[in-house]
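Chain lettering (A, B, C and D) follows the sequence in which the chains are written, and residue indices restart at 1 in each chain.
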Amino acid sequence: MNLSIYTMGGTIDKVYFDDLSDYVVGEPQAGEILKEAQAAISFTVNEVLRKDSLHLTDEDRQLLRERVAADPERFILITHGTDSMVQSAQVLKGIADKVIVFTGAMSPARFKGSDASFNVGCAVGAVQSLPPGVYICMSGQVFEAGTVRKNRAAGRFESLG
Amino acid sequence: MNLSIYTMGGTIDKVYFDDLSDYVVGEPQAGEILKEAQAAISFTVNEVLRKDSLHLTDEDRQLLRERVAADPERFILITHGTDSMVQSAQVLKGIADKVIVFTGAMSPARFKGSDASFNVGCAVGAVQSLPPGVYICMSGQVFEAGTVRKNRAAGRFESLG
Amino acid sequence: MNLSIYTMGGTIDKVYFDDLSDYVVGEPQAGEILKEAQAAISFTVNEVLRKDSLHLTDEDRQLLRERVAADPERFILITHGTDSMVQSAQVLKGIADKVIVFTGAMSPARFKGSDASFNVGCAVGAVQSLPPGVYICMSGQVFEAGTVRKNRAAGRFESLG
Amino acid sequence: MNLSIYTMGGTIDKVYFDDLSDYVVGEPQAGEILKEAQAAISFTVNEVLRKDSLHLTDEDRQLLRERVAADPERFILITHGTDSMVQSAQVLKGIADKVIVFTGAMSPARFKGSDASFNVGCAVGAVQSLPPGVYICMSGQVFEAGTVRKNRAAGRFESLG
C-alpha cells in the first residue's frame, strides 16, 4: 500500500518549547507514529500547514483540497486539529476515486497516554478497507464526512442526530 | 458500534514480574488501550487464554472458534500472539455474517514505543469498514486470512507470494 | 525518611486541556512520580500555587518561605517553574536545620521523555545526602542556591561564572 | 562533574526480542536515561557484564571491584540487577576516596512507568552529595552498603533490622 499523508497541524503535533514557556504546533508526528509502530507500508508525509484548526481559513481548506486532488495516490490520510476537522472534511467531498480519512488527537502525540498512535492506526486500518469517499476516524469510530460532530463537552466525536 | 474482543495472550499482554525475574502473559491489554485512547464505543473483553502463541494447540483454536461463533455481535476483534496468528485465523474462516480481525504486537503494550496501541487502532478501524470475513491487521496492513505470513527475520507480516 | 513536598506550579505540572486548546498548570505531579517509581518513603504534598514561575511575585515567595519555615520536617522538596527557581531559592536561604531542594522540569511530567521523573529522583537522592541549606537540582547537577543560573538558550542550569 | 558509570546488566537493561519471544539483558540504559533527562554532566559508560544478577559470580564481583578501583574518577555510578546488588555493594567496600552508588530498577527502563529514570536520577543526586563510601539508591532511599536488604515480597529495598 502507498499512503499519502497530508498534515495541517493541530493538537496531535503540539510540542512544548521551554524558551517560550508555551506549546506550539511542531513537526508532523504521523510519520514518526508509523515508524514507531513498525508499519511496513510506503508513505510520504506532505506538510501543508502548522495551525491550530480554530485558525484555519477557507483558503487553507481550498489549498488542502487542491493538494489532495492533484495527488496520484488512492489512499489519503490527513492529520488535522479536531476543532474544525468536520468542516475541512466537508470541503474535500467529491474528489473521485480516493479514500480520504481525517484523523487527529485530543492529546499531543508526545504525551504519555496520547490517543494519537491509536487514532492514526485506526485511520490506516480504515483507509485501506473503505470505498472511495471522505471519512473521519476519531474516538475509535469511522464516520462519513457530513454525519459527525465534535462534542467538545464530552471530549469525543459522535454521530449527528 | 458494539465490539466483542477475545484475548488469547501473546506478546501484547506480556508483563514483567520481578519476583520471577521473568515475563509472563498477564491481563488482557486491549480494553486498557481502548480506554486510554478514549474510544467512544461499546466493547466487552472476553479472556480465552493467556498463552504464548507458540504453545497454542488445535483444541485452543477450536475453543476460540466456538466462542466466536456463539457470539451474537457482528464485530469481533481478537488479540493473539504473532507466531501462530496466521494459523488461528485460518481456523476461524467460514463463520457467517461476522467481521473478525486479529491483531497483536511485536512489543508488549506496556513497553514505551510499543506497536500495540497502533495495531489495536488499526484493527478497530478495519473491523467496522470491512465486509464479513477473517482478517489480520499487523504491520500497518490489513490482510485477508490465508494470504499472509509472519516474516520473523524481517520483523513484519507480509503478503504470501 | 519523611519528606515534605511543596509545589509552586511550573512546567513540570503542565497538562493539556482540549477544551481550551491550551496548556495550563495542573495537579502537582511530584506525588505521582514518587508512586510510579515505587519510592518507599513517607511524604506529604503541599500545594502552594499553580503558577508559571515567570508570574510569581515577591509575596508568593514570602508565602513559600513561611510555609517551609513552619514545617516540622527536616527534608523539604520544592517543585517549581524553572524560569525563576533561582530567585525563589535565594529567598529561602537562612532557614535553620532544614535541607531544602528545589527541582522542576524543562518538559511536562506528562510528556514522553520528560526530565521530570529523573529530576525528582535527583532531588530525593540529594535531599537525604546533604547538610542543611538550600539547593537546586537541575540538569543532573546539585547546586547551592546563589551559585547557579538558568541558561535559557542552552536549555540547562549551570554554575555562575 | 565527571561521572564514571559501570553497568553489570539486570532488569534495568532488559529488552524484548521477538525472535526469541523472550527478554534478555540488552544495551546499558544509563547513558540513554542521562541523555533523555538532559543531564549536563560529563559521563562515560563502561559495560562490564550483561547478566541477571542472580547469575553473578564472585569472580564477576572481583572484576567490578578491580575496574572501579583502577578508575581515576571520584564519582562512580553502578547499574546492577536488584537480586544481588546488596552482595556486590559489600564487595566494593574499602575503596578509598570514591563515592560509589549502586542503582537498578524493578521494571525495565524501556517499560512505561519504569522506576529506572527516577532511580538513576536519585543515584546521580546522591553521588555528588555524599562523602566517600559505598551506597545503594533504591526505593527512593539512599542506604549505606551493609545496612540494606531487598524485600522481594514487598517489592522494595529496606533497612536491615
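To be clear about the criterion, a residue touches a chain if its C-beta (ideal position, glycine included) is under 8 Å from a C-beta of that chain, and two chains touch if they have at least 3 such contacts.
Keep in mind it's a predicted model, so treat the numbers as computed, not measured.
**Q** Could you run down the chains that neighbour subunit A and subunit B together?
**A** In this structure, no chain contacts subunit B and also subunit A.
**Q** Please identify each chain that touches subunit B as well as subunit D.
**A** Where subunit B and subunit D might share a partner, there is none at all.
**Q** Determine, using the mean of C-alpha atoms as each chain's centre, which chain is farthest from subunit A.
**A** It is D whose centre lies farthest from that of subunit A.
**Q** Compute the distance, rounded to whole Å, between the mean C-alpha positions of subunit A and subunit D.
**A** The separation of the two C-alpha centroids amounts to 43 Å.
**Q** Once you find the CA centre of subunit C and the CA centre of subunit D, what distance in Å lies between them?
**A** 25
**Q** Distance between subunit A and subunit C based on Cα centroids, please, to the nearest Å.
**A** Once rounded, the distance between the two centres reads 37 Å.
**Q** Can you pull out the residues of subunit A that are in contact with at least two other chains?
**A** Touching at least two other chains: 106, 112-113, 155.
**Q** Could you list each pair of chains that touch, in label order?
**A** The list of touching pairs comes to A-B, A-C, B-D, C-D.
**Q** Can you list the residues on subunit B that touch subunit D in the complex?
**A** Residues 11, 14, 16, 18-19, 21-23, 52, 54, 81-83, 106-108, 110-113, 152-153, 155.
**Q** Mind pulling up the subunit D residues that touch subunit C in the complex?
**A** 1, 33-34, 36-41, 106, 113, 115, 117-130, 137, 139-142, 155-158
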